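In what follows, structures are represented as structure tokens.
After this come two complexes, each holding chain A, first together with chain B and then together with chain C.
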Partner chain A sequence: MKKIMYLEFERCIGCRSCQAACRECGGHDAKERNYVEYVDFLESRQTFPMMCMQCKDPACARVCPANAIQITDDGVVLSAMEEKCIGCRNCTFGCPFGIPKFDFEENKMYKCDMCYDRTKHDIAPMCASVCPSDAIRFIDHDEMMELRRKRTQLNLIEGKKPSENNKWQYVPEFFGVYSD
Partner chain B sequence: MTQFIVKPGTKNLHHEGEKLITTHCCYCAMQCGMHIRVNEKTGKVVGVEPRYDWPVTLGKMCPKGVTAYQTVDHEERITKPLIKKNGEFVESSWDEALDLIEKNFKRLQKEHGKDALSVYGGVSMTNEKCYLVGKYARVALGTRFVDYNGRFCMSSAAGGFMKTLGTDRGATLPWPELEHTDCFFIAGWNAAECHPTSIQWLWKARDKGAKMIVVDPRETQIARLADVHLDIKSGTDSALANGMLHIIVRDGYVDEAYVKERCNNYEEMKEKVKEFTPEYTSKITGVSVEKLEKAAKIYGQSPRSVVMFCRGIEQQSKGVDNVSIYTSMALLRGQIGKFASGVATVTGQGNGQGGREHGQKADALPGYRKIADPEHVKYVAGVWGIKPEEMPKAGVSAYEMFDEIQKGNIHAMHVMCSNPAVSAPNTEYVWDSLRKLDFLVVSDFFMSETAEFADVVLPATTWAEDEGTTTNLEGRVIRIRKVKDPIGESKTDWQIMKLIAERMGKGKFFPYENVPQIFEEFRLASKGGKADYYGITYDRIDKEDGVFWPCPSEDHPGTPTMFKEKFGTPDGKANLAVVGWQEPAEIPTAKYPHTLTTGRVVFHYLSGTQTRRVKFLMEQCPLPYAELHPELASQYNLANGDKVKLTTPRSSMVLDVRLTKAIRNDHVFVPYHWGKELSVNQLTNPALDPTSRMPEFKVCAVKIEKV
Partner chain C sequence: MKELERSFYSKASMYSFIVVVILFFSIWVGTGQFTKVGWMKFGYMVSSFIFFIGITVRLTAWLMRPATHEVMKRTIQNMKTTKRQKRNVKAIVKTLVDNIILQKFIFKRGIYRGIQHWLIAWGCIGSLAITFGLVFGWMHFRLVDATTYQLVVFNIPTITMHPDGIFAQLVFNGLNIAAAMLLVGLIMAIARRIKNHDLKVTERAEFDLFPLYLLLAVTVSGLLLTVSFKLLDGWMHSTIALVHQITVVIFLVYFPFGKLFHLPIRPMAAAVPMNYQETVQVDTKECIGCHKPYSNDDQIADVQQMLGNQAFDLKMKDGNHPSDYCPACRRMLRVMNHLNIKSPVGEVAEEPVQTNNGIHIPGFGRRRAESFYAQSVKEEK
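What follows is the complex of A and B.
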């Protein structure tokens, strides 16, 4: 898998299609593993999506005392193995992004697996496939780098120029999630 | 013929034991492409796969589209005809139900004349079915009373386009061209919630630096990101648009050559807009002079622009005027008929475009023909095999049919693909009218609020159990494929119409065995009309990613861009709007001091009959609410989650408060997708536009009380 999950928060329109689509992935048992939140509805309608960062050195796996959270060769951090998981829920607290969830009925943890049955064939995960605003994309590394440069270019076209005290505003407003 | 359409190089996930069938979403007019996953053994619909290679939507879907398949094998489907006995619905056989319908229809026509019957249609169904509704009413039942829910949706846009451009096609340009536009002037379109998959095109254009101006009383997602958000008072669009024309003329942004060659009324229009100075416009609309100036400057200077609008400006008692003036903005800039520019109304219902063209409307016949024109009647009567003099005269609009019930002129109604008990304004009057009917037949696949009033409910099929064509918001005719056989004893709407026609002794006019036969007749019926589908075939749709009407012959390429050389008016010229300012039908008073406006949320579709039965969508948005600015709320000591009572001259209702600064501080917003005591249409004003007969859903005066 050479592709990258790319999030551009500002594009999000809060439709929660990514959540609906997450439920549709095979093996997801109709439970979503991502979430969408308002930044602050009292102030504006801006929302942002959050999904698993598929961390290189994942906190969820690190804090798991049972070693139940496995990482595939191409770097996808999977849900806890049922036979190993002891239900301590450390992972749900350890993850800085609040991704792993615990199913009390089934007594098991579940999290984003980047729609592994799709992405292992280089087919986009369900969330990135349906996102109507391209806030979530599944793209090549090169394409991501180009998008980063574009953002800077756009700011210049707008006639803005970063100065020392506002240059943070020119930092591209997205996360690139590396899968390998 | 293959049911799975995919372009070389596109990868989709095929689950073992499943097949994919290519179709489009059943809900809004984006008609997002999708493949439905069907279990090959059980035949059940199990999920959805994105259609990445559908050029309009590229695999993207909103949450309604993602979950649409869940309505097909839904446990609440009506699977047998139901007859009401002693106030309770009892399952019956088709024969028993049809016997009852035949007996009552014939009795009522004998007692009160042909026009005692009426048909109330809808445009969330295929062209084939929409076409048949008009024929069914006029030939099978022989009544003049037929109309459809498009009156609450597209009729103002249609009226405005007819007046200015001479032909009503929702968009004058294909959607993928939007990427190349320099400026969007958007009025009354909550794009992110109502047509989410359009956003990708807007954002792509913005990535390239396109400007965006958004007119909306609420700071919607697109308004928040707009270069200028014109935070207008609901119902003042005609002033705002005239104000824009004023500055465009004043500052020399007019494409004089284009206007001279292609438009009428320029001098009169210039004279008219003189009074709409930014100061005067600002006073009426509540938008600051600076914002008006800035918006007009950006719009006026953009080389390629699209003016886009939606129900926000159309669901008003001046809807047609609003459409005409906003459209004139595009005309003055010489934009219509060119690449990546033009004007578009964004159709709400799945087949809002196709469904309004082919004779479901009280005064219209297939191909946008008019019942008032003897030549048109002659042509269509010929196709239908009746005598021209047998063609009933024009009826009345949807809401006015309820007046006719109250007056005792309409005694029975057949409602198809519609839920007026929720979607019509002033619902308590509508409920009373439905109760007054001697006999009501409703075809639906769920027990809608309207169906609850029925004497007979006929089990119809969902979109996935029948085939046909729809026309999306661009005017592109596309194909809906049958995914599975109808469940239980449900039947398609066309089969139901055919069965009743047979009972009324008109079976020979409805000899159809399958949908392609209806399509063939419909092509012919539209031939030579404004909306000419004659050259469109199912094969061409598959090969060419849909075909844009007008398409008069099989070797005609279709018409992606409208009005390249001339307009659809008799003299080929567009008519610039010469329209003054007029208040909405109801304005705030001491007793009702604020403005109520209504609209959609992304999780629901129309009256919610389908989406309120989908788990994911209900989890996201289970109930309507009243959205208010904290400044307005504090006047009534209302906090988030409090209960508020809203009262208008029609009625009152209680809702939960949701506070946000993303709305004008003198407006209240309530979404409309719920029925009965949760229906905001208990409060809305049935004031109708004089031309389109569109009710004023978007503006009425309201009183706020804490409870």
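What follows is the complex of A and C.
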């Protein structure tokens, strides 16, 4: 997998087409695995999309007592294996980003797997392929780095809080898995 | 225990040794000091030993995982607490009935899947029980007189039966009944694997398909044995017996290392109602951001302990952990930090959570081709 996911939260217009697309993805069982939520509903109607970061060392897998959360060769963190998951919900509490969802009826956890069947062939995941405002993008590493570089410069010009030392912490996140 | 452990190479080898000794002793008792060992079943016996050693090694390694260890520690602690006995017994009985015997949660994933899994699961457990019982000599039949058979368990004579009675037929055909259940379940499972394209996303041939076809080989060759001596006058019986033995040996050796290993770890599901969520979907701990209940104290304490033991430093600026917030608040906090907005519910850590663990360093840490820097210099001008 050569491409990565890139999120720009303020581009989100709250249309929720990413969630509709997620429900359509193979193996997702008509349940969305991503989130579109209000940043601060009392202040503005700004929404943000949220997907799994596909951590290299996932906290969800580390707190799973059944060793049910597996990582593919490409580095995609999959939903808990249905046969192993004992339904303790530790992963939903261990994840620092609040990503895994839990189905009490079927007693299993499910989470964003970056549409593994698509991204392993470098096809954009469902959410990125439908996003009308480019809040979710599936792009090359170089393209992403350029976008981020521009953002840091913009942030500095506008006199926001970031300084030269920590400006990389105030740019949109990129994630996903890629190899050089 | 520590003293004993030191004389072994590892924990796993110690437990394996204990298991082997117990098995050996059970054979000694069951076969009347090795007088009635079925040497026909020697191949099965060796592979059964490998099965038990494999299970022991895998379980030991699994219990040493920090997360599993933490859950088991709390389970043992709760088992010892006299105040919680009622809850413990309730949790174990409920898990045993709903989760293991009836497998209700799989039926909720679909009736088809439920029936299929229930048939395979109980076919497997039933035939494994009969296999181990016969191979290790834990039980055998004895002819008391011309019309009376007796079941001997661990060399203790128990119930007697008429060889043509219904009970005797059920007992003698135990393996056939289990095999019939397995056959139906396996055909259902294989049909599902072929038809349902959603399954192909995460399907792995060696993990998901191999055990199915292996079980099918065991089942079919086992049933062919019955067909051979009942209907075909024992035609090819010894050949089929050999083929069956080979498939069973592969199955027993494979069992602890593949998909089927989920069987011995399932009982840990009892730890969920016992330690964490007493009633499903009733939470007791409030999120410190939105004050809505989202979990319970014991579970959050365990999760934080597990993360701490594995050197995850997720502490935020205000001294709380992300797990003290509900998932929705956690998502909001993270986005607010990135949009440079001060959050009303808490202050996140100065550094964003590293998801790449230094394997990839974002930003300037990565040296790029000269042309890249030349371009950015040009842009700045």
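Just so we're on the same page, the second predicted complex is superposed on the first by the 151 of 180 C-alpha atoms of A that agree within 3 Å, B and C clash if a C-alpha of one lies under 4 Å from a C-alpha of the other, contacts with A are read in each partner's own complex, and residues count from 1 in each chain.
What we mean here is this: a contact is a pair of C-beta atoms (placed from the backbone, for glycine too) under 8 Å apart; a residue touches a chain by one contact, two chains touch by 3 or more.
Values in this document were obtained by computation on a predicted structure and should not be read as measured data.
Following the overlay on chain A, a side-by-side fit with no clash is recorded for the pair chain B and chain C. With both complexes superposed, C is the one of chain B and chain C in contact with more chain A residues. Within the superposed three-chain model, A:14 lies in touch with chain B and out of touch with chain C [touch as defined at top]. After overlaying the two complexes on the shared chain, residue contacts for A:121 are found with chain B alone; chain C is out of touch.
When the shared chain is aligned, chain B and chain C each come close enough to touch A:26. Of the two partner chains placed by superposition, A:73 touches none, neither chain B nor chain C. Residue contacts after overlaying the shared chain place A:129 against chain B, while chain C stays out of touching range.
Of the two partner chains placed around the shared chain by superposition, chain C is the only one that A:97 touches, whereas chain B remains out of contact. Note on the superposed arrangement: chain B and chain C approach each other to a least C-alpha distance of 7 Å. The contact surfaces that chain B and chain C form on chain A in the two complexes overlap at residues 10, 26, 117.
Chain B contributes residues 11-13, 15, 47-48, 50, 52, 59-63, 65-67, 192-193, 196-200, 203-204, 207, 209, 219-222, 224-225, 602-603, 616-617, 620, 630, 640, 658-662 to its touches with chain A in the complex. Only residues 10-11, 13-17, 19-21, 23-24, 26, 41-46, 117-118, 121-124, 126, 129-134, 150, 154, 157-158 of chain A touch chain B when the two sit together in their complex. Contact residues of chain C toward chain A in the complex are 62, 65-68, 70-72, 105, 108-109, 197-202, 259, 262, 265-266, 268-269, 271-272, 276-277, 280-281, 295, 299-300, 302-303, 306-307, 310, 312, 314, 322-323, 325-332, 334-336, 338-341, 344, 350-353, 355-357, 359-360, 362-364, 368, 372, 376, 380.
The part of chain A that touches chain C in the complex is made up of residues 9-10, 26-27, 29, 35, 37, 39-40, 48, 50, 53-57, 59, 62-67, 78, 81-84, 86-90, 92-100, 104-108, 113, 116-117, 142, 145, 149, 153, 160-162, 166, 168-170, 172-175.
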